[in-house]
Every structure is written in C-alpha cells, then in structure tokens.
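Both complexes below contain subunit A, partnered by subunit B and then by subunit C.
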Partner chain A sequence: MVVQTARFAVTGLICAALSLAGTLSAAAAELRIGLAADVTSLDPHFLNVAPNNNAAWQIFDALVHVDANARLAPGLALSWRAIDPTTWEFKLRKGVKFHDGSDFTAEDVMFSLERPATLAASPGPFTGFVKPIAAKKIIDPWTIQLKTAAPYAMLLHDLNSIFIVSKKAAAGAATEDFNSGKAAVGTGPYKLVRFARGERIELARNDAYWGGPRRAAWDKVTLRILPADSARIAALLAGDLDAIENIPTADLTRLKTNANFRLEQKVSWRTMLLHLDQYRDHPPGLGDKSGKQLAKNPFKDARVRLAMSKAINRRAIVERVMEGHAIAAGNLVSPPVFGHVDALNAEAYDPETAKRLLAEAGFPDGFALTLHAPNDRYVNDEQVAQAVAQMLARVGIQTKVETMPASVYFAKARAGEFAFALLGWGSFSGDLALRALLATANADKGYGAWNWGRYSNPKVDALLEQGFATLNETKREALARAAATLALKDVPLILLHHQLASWAMKKDIAYSPRTDEYTFARDFRPN
Partner chain B sequence: MQREQTPLQRIVADFAESRLALAGLALFTLILLAALFAPLISPQNPYDLAQLDVLDSRLPPGSRSGDGLTFWLGSDDQGRDILSGIFYGLRISLWVGVASTFCAMIIGLAMGLCAAYFGGRTDGVIMRLVDIQLSFPAILIALILLALLGQGIGKTIFALITVQWAYYARSARSTALVERRKEYIEAAMCLALPPARIVFRHLLPNCLPPLLVIATVQVAAAVALEATLSYLGIGVPITEPSLGLLIKNGFDYMLSGKYWISFFPGIALVLTIVSINLVADQLRDVLNPRLQK
Partner chain C sequence: MPVFIIRRLLQSVLVLFFMSLVVFVGVYAIGNPVDILINPQADQADIARAIAALGLDKPLAQQYLIFLKQALAGDLGKSFAYDIPAIQLILERMPATLELALLATGMAVLLGIPLGLWAGLAPDSWPGKLIMAGSILGFSLPTFWVGLMLIMVFAVELGWLPSNGRGPSTELLGVAVSFLSWEGIRHLVLPAVNLALFKLSLIIRLTRAGTREALLQDYVKFARAKGLSNARVVGVHVLKNIMIPIVTVIGLEFGSVIAFAIVTESIFAWPGMGKLIIDSIKVLDRPVIVAYLLVIVSLFILINLAVDIVYSLLDPRVRISEAKG
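Presenting the complex of A and B:
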C-alpha cells in the first residue's frame, strides 16, 4: 500500500516535471496575448487612440518613455536638459539599430517629428504633440536641440507620444505601407511579421534591442484581437492564449481562485467622472419631475453639484459594481500619477446633507435629469451609470439612464447633446488632466478639449499656464496640485473612482502591470 | 340526433381535443395574467431606481435585501428583484410582441388585399416591395433601424412592424387571389358595389383565418426578436429591462456561478414562446379546412 502510494507519487512528480518543462520551453518560444480592442492601423502617426498606440509600442520607441507608474524615463533619448527656458537638448542613445539593421540617428528623429503634420487625412492626428516645437536643430548625429516658442514643460510628455520611425524606410511611405510591414521599421523590442487587420498581429523578437536580450523574453509574439470579453476569457481558459488584458470584473474572482492562472492588477491612470453642464440655462434632459422646464440650471449652483457628489455612495460602487477592483476618487488622477494631491479625499456618502443642500439651493423636491453613458467603453460603464442613478433617485433627483455605443456616444457628447455624462480620463499628470477636463475651453491653446461642462475659472487657468512654463519638475508639481485643489473645491465635475487595470495569464508567466493600461509583450516573462 | 354546431363552437371543440394545446393555453393565460397584474403582484417596482439598492446586487435566490424584502429568484447586478423583473419584463415582451404583430397584420393585410384586388401595377409595386423586404434577414433590418432611431419601447415596436408586415402582405395576397375568383365576389361585383365594400366586407373576412394563424406564430417570433434586440443592447432602455435585457445583464456572471440572473428570465422567455407556439399550432390545425374530419 505504502509502496504503491510512493510509486504513484514518483510517477506523478515525473509527469508534473515533464509537463512543466514542456510548457516552459513552449512558452519561452511563443507568447500569445489576447487584446481587447481592435488595432486599426500600424502607422504610428496616423490615429492617436490607445489600442493603436499599444500596438505601435511593441515595434517602435519614442525619445522619452514612461515607466510602469507613468513617470518619465529615458527612451531613445538617453538624457535631456533645458539649456534655457525655451531650448531643450537631447542626447540620443548610441548604437541603436532599426529592425532593418540601419543605425538610429538624429535624422530619424527629425523625420519622425515632421511626419505627423504631413498626414493630412489623419482622423486623430498627433500634430498637437509637435505643434509646440518652434525649431529643431541637429548638433551632431546623437545630439539634437528643440526650441519652443514659450517655456513649455510638457514637451517631454508630448515627445512620449511621438514614435520614432526609420527615415530610410518611412520616407514617402503611406499608412498602407506601415500596415503591409514595408515601412513599419522601428527600434522596438519586436519586429513586425504580419498584420491581419481585426484578427492578429504577429511579431518576432528584435535580437538587437537596446533594452538588452532579457527585456524581450519571447521569440515570437502573437497579439490576437478579441473584443468580446467572454471570447477572450474562454480562449485563455482553453489554453489558446497565454495572457489577456482587460478582465471583466465578473470574471476576476473566478480567475483569482483558479490555480492555473495568475492575475496582475495595478491602479489605472483612468479616472471615472461625471461632467455637469454649467453653461446653458436649459440643458437637454433637465426638468422638474413632471417634465416641465426648470427656471434655472441647477448645475450652475455649486451647492447642487456638491449635493449630487455627496449623494453618491462611492464605496458601494467600488465594492458592489466594481467588485472591489477600483478605488474611490478624490483626485482627477490616480495616486501614482504626477500631481496627485494626497489631501483630497473622495467625497463621503452623506444623503442627509445632500438633501439639505438641495433644499437650500431651491430644489427641496429635487428635479429630473438624464444621465448619459457609453455601454462598451469603460469597465462596467452601464452598471456604474445605473448605480449613480439609483443613488441620485434616493435624494430626490429623478434620473433616467441612456446608454449607447462609444462610437455614437462621443460624437453626441462633443456636439453638446448631454447635460450629465460619464467620462473616463487617463493622464500622465494632474495638470494635463486639468488642461483637458476643466481649463476654460480654448481650441487654439488646446485647453479644455474635453471640458464638456464648460467649467471656467481664470485662477485655475493662470496656475496651469504658470505650471506649463515651469521647467523645474518639483515646482511644476506644486503648481499642478494647487490648481487641482482650487478647481475641485468648486465641484466642477463629480469624481467617481479610479479603475484597476487587470491582466490574467498562465501560472508560469509573470507580468509587471502598467498604470497606463498598455499591454507590452516585453513585460511578460517566463516565471 | 346531433345538434347543429356554430363555427365557433366547432373551433372550440376541435381545439380542446389536444391536451397539449390546452396546457399551452392555460400556461399562456397565466403568463398573460402575471404580465397584466405585474404592478400588483411584484414585490418591488424594478423600474423605479429609488427602490433599488446596489448593495443588494447579485444576491442568490431566497436572500433578503437590506430593506427586508425576500428575493425569491435572487437579484441582478443592480439589486433588482429577478421575480419582479420577470413580471415587468413579460409585460414589455408581450406588449411589444402583440402590438407589433397586430399593427403589422393590419398593414400587411391592407397591402395584400389591395395588391390582389387591384392587380396590375399596384400589385407589382407592393409585391416587389415585399420581395425586397423579405430578401433581408429580419434581425438585420431591425438592427439598422434601431441603430438609427435609438433605444425605446415604441421604437422597438416600430422596428418589429417594419420587419413583419411583409409576411402578412404576401399571405393575404395569395389567399385573396383565390377568393377573388370565387362566385360570391363575382356576384358582389355584378351588383356594382364600391371596391372598398367588396374588399373589406366580402374579401377580408374570408382571408382572415390563415392570417390569424400566422399572427399567433408571429407573436412568438416577435417576442423572441425583441429579446434578441434587447440582448444585443439596442432594444429597450437599460433601466427598464425586458426579458432579453435581463438575460444579457446576467450573462457576464454565468461563468462565475451566479446563474440566476440569466437563468430565470430565460426560463420565463422559453415558457412564453412555447405556450404561444402550442396554441398557434393547434389553431392552425383547427382552422385548416384540409385537415377537417
């Protein structure tokens, strides 16, 4: 009996060892990742959307990178300094080779900085990132100088968004040449093998990668596009994929308890918030409970905005709707991000004070509004919107929820069709978030592009401008914090929560997750 | 000596011959009553957001909510009582199914009769329209319409009318063509009665039985189509879920073991469709003169 058990144990061990060895060697050869969103183009300067940028990051590099906490790190530029308030000097990394074997030099940087402006047909251009550069100069093949018209601290962040392509391969190349692979020659950790739009991207390791061979652990990487959550999870469970991104909260618990898989999470830079129309006298969807027009726009009264914020039980949303995979937000940016103010806490749930504030503002019986939300863009967007509606209903604000696909939603939101709308926003820094979400809308300056509620506070704008002109990072962060504190005191929008981004992978693979939600093949390693 | 039966009595007697059909009818009556009296028998108004609490979300069947309400069939991801959700959902599903079928039948019947009676160019235009309509899958047309119109119960009904009227037009036309050549129509025409009177008083009643059979089957089809559209997230609004939307809301949780959110509304949908189909099948047999003993 004992002998038999022992024999079983030994056989079992051998089998386990064999199978482990088998999976390890197979895994080291190829990594198959399931991505949640379609990659529409591999031209890194064509359309500025996260799924495309994510794919581009596998193949290309930028001068300035950001690390897992969204803080700046050296990329193709080894170091940089401001020689005067408007001139930056970048020392480039020497000995870097493009995938075709040619050398990376300052010429390629010049070309890449100029290319976005030549793509006139771009539906989501990168031109905003190069616009501040007034002049550029090559000092030697590995040194360049960039001049801005005014002191501009965000140059480094902007350069993080401009991918460096090979001048030799991409000169005169159209977007189709990148998709076919002809022009998609970068310096990144992986080379493009094949791009099948809507289906998969096949990559092979760049052995000459400057990040060192350890950085890219896999000979081959296949990025498969699986937008349906259930299909992506099923493919991981069935062993067709080694790792997936963007796990629906409903499946997180199940994956966590499954010993065959590992789950990695990190607080995302994405903050969920609700914009409130503060510029029109009669915003669409607002009225009293019988549907009649209100005498004034309640959102213009800070007490009403505060009351609505206090009516929302963020803990309930985090624990029940997000199943614990989020943190309540008191800031525009999540804790690891530049400019986060630790002193700003999430508004506490206090329905009684909310009712009192509504009564003081002249709405003792509340009013009626429509909350708009996308239903396929953010984690549990539809559920979050409904939970908010429940909570507002309980303090007397009758709330209707209308949801629609993101493709329709954002067009309507920009056209001003919503008075109360859900938005998720990710930023490298607190001042960038303020610039997009709460600065007085000014298209020429690029301020307030996503300020749907048209909140406007000249003091906030002044602090932001001062911050962007401050090249000292410590001083700039202090200014960003001051601007955020000042703006959020007015409750110009209602903060909900910061998402946690999640990845799931086979047990024998490790991953270091990123705050910016990108899924980088080079960050997966055999464990 | 056998007593003379009125046609209605004969239909009732023939219908009652099938136990299965009777069971279907009983079940359908129950479902109909549940839908009609939903506000009275539901423990909760699932469409009143103020009555829902997200803290009660995804509780298994038999749990109690924070307010002391018992969720006999569990609660969904918003803390909505599934039982109440089913009663109210049935209301929407049946209302959409019956209303769209009725309107589609009226429109289809009118078009079909006109095509058959007037013939020629009228017939050609109407029937080519029907052909075009039938060459597209119903779900595709409904999807496009709702994508253009947006969500809403009224809009869903409109989309379902659009995809269904062609069936009635086609059947009404073929039945009417046969009837039109019969002597009683010729007699009516010899009396120089106005066309409207001939079409509506003479032709129409004799074309109705096959259309009624199609209509009963189509109610079930419309209920299923509405559920499909809502499942795809483009039918009814998210805060007023029909059965299809309830199933969709629970689908994400199926694999994590929280079966009840989708399961019970799914059962309710299946029972509704099966009961309607049982009744429709028997009705078809009863109204078909070829199967007459």
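Presenting the complex of A and C:
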C-alpha cells in the first residue's frame, strides 16, 4: 500500500510536469508512426504474432502489463496475490470504461479468457496462455479468482498475453467484426477509427483512459504499414512520418548524426544463439575435412563446444557486423529481463585455448560442418553467420554457411535437418527461455519445444519445475538464475549477442524504448 | 468469333486447373505455415492442434481435393493469416494495383509511340539520338534504384511529392480509386513514373525499329509517289502497319505490370496486390498464394484474348478463327 501511494505521488508529479510540456506543442496533435510489419487482423485473440499484438496493445489492455524492462506491472488488475498454491486472486481496477462507455467488470475478464479457445482456425492461437487455468470464479464485479491444476508461477506472464475485450461488443464476433471496428472495443489509450488492411490503422485518443492523459498524448495516431526499410526511412526523412521503428543498422549512424532526428535504443529481449546437435552420432553436415564421416559427434564433447564458443570474437561481431548496435551475450536473456545472471559474462575470445581444447578432445586438425541460418528473420542474420564461419575456420573448423528464407528455415530446423543452426530468442524470463531452449524435450509437459540440440540435464529440469511451482517472485528468480548457471556451464549452445531495438523520431518527440521491441503510441510524448 | 472465344475460355479452364495443382504442391513442398506463425513458446500439443485446425494434417492429395471441391463452388478458401476469404483480400487490393498499372501503361504508350516515331523518322537528328540514349538508360537502370532516387530527389530533398503510400480513395462505380483527388494524384506520380520507365523505353525502341523498317517498304514509297501528305503517310500507313508487335508487347507488359509490380509497390509502400503476395509467400499463406495466381493467370488469359481481337481490327488479313492458342 505504501508502494502504491508512492507510485501515485510520482505519477502525479510527472503528469504535472508533462501537462506543461503538452500545452506548449498543441500543433503536434497527430502522431504518424511507421511500422515494419503487416498487421493481419485486429482480432486480439486470433493470431499471436508480434505485429498483431503490437496493434492490439494500442486499443486493448491486459490484466497484467509489462514495463519497459519486461517486468510485470499492474494493468487492468490493480493487484494480485496467491491465496493458496493453486489459486490466484486478482483485484480489478475500478471505474475503467470501455471505448463505448460501458463499464469494465470481471464478466469481461471471464469472457476474454474463454474466447481464445473458441477460435478454431488459427495458425498461431493464444490457447497456450489460458490452458493452465483450470477454473475461474467471479467473487464480485472487481474480484476474480483463477485456479490452476498445479502451482504455476507463469500465470501472471501468460495473462499479459490475453487482451481483455468487451463482452458486450465481442460476443459472437468474428475476425471481420474486429477489423471493421464493431467489436474492437477495448479499454486501451486509443480507439480504433479505421483499419485499412496492409496500409494503415487510424486511432483516436481515448479521453477516459485509466492511465491518464499522459499516456494518451495525441488526438490522432496513424500507424502506417511500411515493411520496406528504405520506404520507412525515406518517409521519416521526407517528413511524411513522425516516428519509425526497426531501423537497419546501416542507417543508424546516419540518423544519429542528423540534428533533425532523435534516436532511441534499448537492449532487446532477443538473444542470438547457435544450437548444436548433441543427440545424434552422425549429425547432418558434419564430417572431416575430406568429407568423410567422423568417428563420433564432436558436439557431444563439452570441450569442443567450449572451444567453438571461445573461437568466436563477439566483440568483432558486435562492432563490425552489428555496427555497435548489439551487446555480447553471456546469458540466455538480456540484462533487464527476469532471471538474468549478472555473474555470467560473454565468453572471451581466445583462439589459442580453443585450438588446445579441440586437440584435447581428439580433433587436432579440426573438422568440417555446415552452419544454417535464416536470411530474412533477424538483424543481419546472414552476415552474422558468415562472420561466425570465418572465426571457426581460424581455429581449424572448416565451416560452410547455408542460408534460406525463414519460411523454409524453421520447417527444416524443426524436422531436425540442421546440426548447427542460428536462432534468435525473446523471452519474458530466463526460466521460460530455458524451458523452451534447453529443458529435456517432453511434449506432455511442453518442455524443450525449441531444444534443437536436445541438450538434457535432469538437474536443470528439476530446478525449472521447482521454479514454476514457486509463487514468490524473488525465490523464483533465484531458482531461474541457478538453473541458467547450471545449464550454461555445460555450453549446451553458443550465445552470440543481444540485439538492440531502435526507434527514430523527429527531434520534438520523445519515446521510452521497450525491451520487448513493441512500439506503443502511448509511450511517445511531445518533447 | 464467338466460337473462338468459347474455345479460348475452355482452354483457360485447363490452364487454371494445372496451375492450381502446381502451386499447391509447390507450397506444400516448402513447408508448413504453422511453423512460422505459431508462438515460439507454444508446446507440441498446441502446434499439432493448429495444424489440424487448418486441415494441414491430411495427406496432400486429400487437401487438394477439398480445395478443388470448394473452388468449384466458388470458394477459394480463407487466408490462414488474415482469417478472411482469400479472394476478398485480393479484390480489395486490386483497384490500387490496376490504377497504378493503367497509369503507367498509359504514360508509356502515349509518350512512347510519338517519341519512337520521331526517333524513327529522324534517326540522325539530335532529338532522335537523345531519345534513343534516354531509352537505353530507361532499359538498363534497375527499377528499385530509380525508385529510391525518385524518392530521395522529389520527396526527401525537394519535398514536392509524398515519399510513399496511396492518397485518400473515393468510390467510382463501386471501386475505390485515388486518382480523383489532388492528394491522390500527388501520391500516384512517383510510383507510376517508376513503373512506366522501362515500358516507355521498350515501346520507344519497338516503334523506332518498326518505323525505320516500314519507311523502306514499297507501299510507303507508293503513297509518297501518289502525293499523300507526310502526316497521312506516317499517321495512317506506317503507324497502322507497325502496331501489331507493339500491341502484343503492350498487352504482355500490362499483364506483367499488374502481376509483378512488386518492387515498385514495396519501395513506394503502395497497398497493392504485389505487396500482398510477398507477405503471403513469407508466411506460406497457401489460400492467398493459390487465389492470387489464379486471378493473375485469368488476367493474362483475358489480356491475350483482347490482344488477339485488336489484331483483327488492325489487320483485316488476320482471321480470328485462325489465331489459335
């Protein structure tokens, strides 16, 4: 409660300071933002992909929000507590109004939590986030209890992904009703005015927004869909847009030195890493330098994995390939994220030790392998793969690079066609990243869905299970850190770098950049 | 003529059938859209359920038969990513692309034929040489580079025209068009010029070559000897005779502008069909890819039909019943 009061006081101060700034730039009443990816639907429960979620966040809220550092923050739920190991009670924010003027109550929460399961034909459903909820109970219009089958700490994170829609407006609504605006009634800072598919989304300020006028500083917001980098940057330079997201590294320097624009950057939650096949005796693409099969799979030897990690000069990749817009990674998650271990540093570049380790492991002459990577998915993905290949070649590992579009790449990767493959991973927390990337693959428990190398360590699995059943955030973070430290000691995969997310805008606009890479109109302010 | 048209249309149905089969198998061979679209955190059970919900767990032959049955009933399926009928998605983007294609082709024809004639009639004059040199540039500069330069010069540096996007659209006979407003025209100019440049050069060169050849023919000498005015010799006799190859090329180019204006549409963020097909291929949205290609093939068939009919109007010797295939 003390914390709550302090929060209000601080918010009040900031509001006062900003309302002054706001009155000075009445001309900047419209904000035009260039987005880098197409929004396919405004139905917030249809397809769980970042561009659609980004659009939905302008219009809708969730019970639990995450702040700029990807840490949990109150959203439509003002507070929550576990009343027993499997029951969570949420106190909802009172006095919140939907865009159509109706009141937000626990009924809308019930409806929104049930809706994802009713949308059958989705290639990327939201059902995974509501599946752990075994029972729901409305205590009063502003209190709701959620029961899980077993103690489950990730519930709060999952609830961050379920947008709360108005039961009145969305009952029986199809995707098309959301696109037309009929059902797209949320509690978010902006109301939907018009959705021109593939072109633009027009929004207007929600004067009744519970976050206050500070979070809805613009009368009108237009989100333009501009997937071509050159078009997005040209539109900003020409003054057709006020702000853009996702700046290619090559243009960052130019925008930085241009006095008319401001650049905002923040370490993204996305970590680039290389998966190593540790389960097959003869993984595809591996052989000695004359192309003959190796006697054993070198990746099964931790010394080889460590040698490969030491052979990679991460500073060179960060400075040259990423032109300074990344930081070398020693963790599965980037620094602000839950479960980051400060003590784990990026592996230092040490080619001599790498060669010695390879010799000790029985590969004094190295071996040959193929590195697979997508070429249209991550920032400079193909160039990063090329750089890694050259660095490995220097310690005697002859590396061939094969790249392909993401649409082909991920299907092949899931089918196990790669032995050494590039992956970028964004997670709310270190234990979630571990569960997907390094936990022993188990379809029933949903563990290891992206564990391409099939690393398996029962101790890590046990720590993860213990963590997910621990409802105390501090204890859970300690367990997540312990699990990460334990797993990464084995070098089960090779960490490369954390990307920096970038936004560029006109000089008179300010933005609070976010680790989750989302571009929220509510975080832009006249400066 | 009606017999000819009916036979043509029957052939077209066969072409459409084979095309849909090829695309279906091709997209199937690339991969599975669920792998790309599903939340990375989803567990194996969710992935399996999503695949089943889209019918992608069935054998390919069965999937194709289902598609065929629905297609015959006029339903080309719902887009996986957009969750609305694929054909609706394509038709709502079509006016933007058609508008751009018509304007670009119109510019190319209206400028290309007179300039080509000029260059053909006076090949050694400096304007003739200048036109030819210009057409070489139009041919050889890549579209994306010219597009970027147009944006840098006219939008970023000079600020005369908007850098990209489509202007506000108004309804004309139920179709959303943007060329009726000043703002709409301002948005159209740069992408249309960019798209027209290559076609303009092509038409200039074709017209010039045809004119040079026709001028040496006996009928031109005879017309001159008969004392016809220069305007009538060039405007009627020469022009009519060189039009057949030009009409063919205009027809083909018009089709390819509609189908493959992708580069220009991307650079200028023009919300047309080209952008849609690229996005759909990226996520393997099969219903949209198949429907798009069916629409494009139908367009090509119609354009070719129109070209054949124009032939017979231009040259009475071409009997339309003979123009098979």
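Here, the second predicted complex is superposed on the first by the 500 of 527 C-alpha atoms of A that agree within 3 Å, B and C clash if a C-alpha of one lies under 4 Å from a C-alpha of the other, contacts with A are read in each partner's own complex, and residues count from 1 in each chain.
One rule holds for everything that comes next: a residue touches a chain if its C-beta (ideal position, glycine included) is under 8 Å from a C-beta of that chain, and two chains touch if they have at least 3 such contacts.
In this text the structure is predicted, and so the values were computed from the model without any measurement.
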{"item": "Three-chain arrangement built on subunit A, subunit B and subunit C clash or fit", "value": "fit"}
{"item": "Touched partner set for A:D490, first subunit B, second subunit C, both or neither", "value": "neither"}
{"item": "Partner chain(s) touched by A:A436 [first = subunit B, second = subunit C, both, neither]", "value": "second"}
{"item": "Partner chain in contact with A:A250 - subunit B first, subunit C second, else both or neither", "value": "first"}
{"item": "Subunit B versus subunit C as contact partner of A:E114, first or second or both or neither", "value": "neither"}
{"item": "Contacts of A:Q386 with subunit B and subunit C, given as first, second, both or neither", "value": "first"}
{"item": "Per-residue touch tally on subunit A - higher for subunit B or for subunit C", "value": "C"}
{"item": "Lowest inter-chain C-alpha distance for subunit C and subunit B in the superposed arrangement, angstrom", "value": "6"}
{"item": "Intersection of subunit A interface sets (partners subunit B, subunit C)", "value": "230"}
{"item": "Subunit A to subunit B touching residues, read off their complex", "value": "229-230, 233, 248, 250-251, 253-254, 313, 316-317, 320-321, 375, 382-383, 385-387, 389-391, 393-394, 399-404"}
{"item": "Subunit A-facing residues of subunit C, complex", "value": "30-47, 49-50, 53-54, 78-84, 89, 92-93, 148, 151-152, 155-156, 159, 162-166, 266-269, 271, 275-276, 279, 281-284"}
{"item": "For the subunit A and subunit C complex, residues of the former touching the latter", "value": "38, 40-41, 43, 46-49, 120-128, 131, 174-176, 179, 196-200, 224-228, 230-231, 234-235, 237-240, 376, 405-408, 410-412, 414, 425, 427, 432, 436, 443-447, 449-450"}
{"item": "Subunit B residues touching subunit A - in the complex, by the definition given at the top", "value": "48-50, 52-55, 57-58, 77-79, 150-151, 233, 237-239, 251-253, 255-258"}
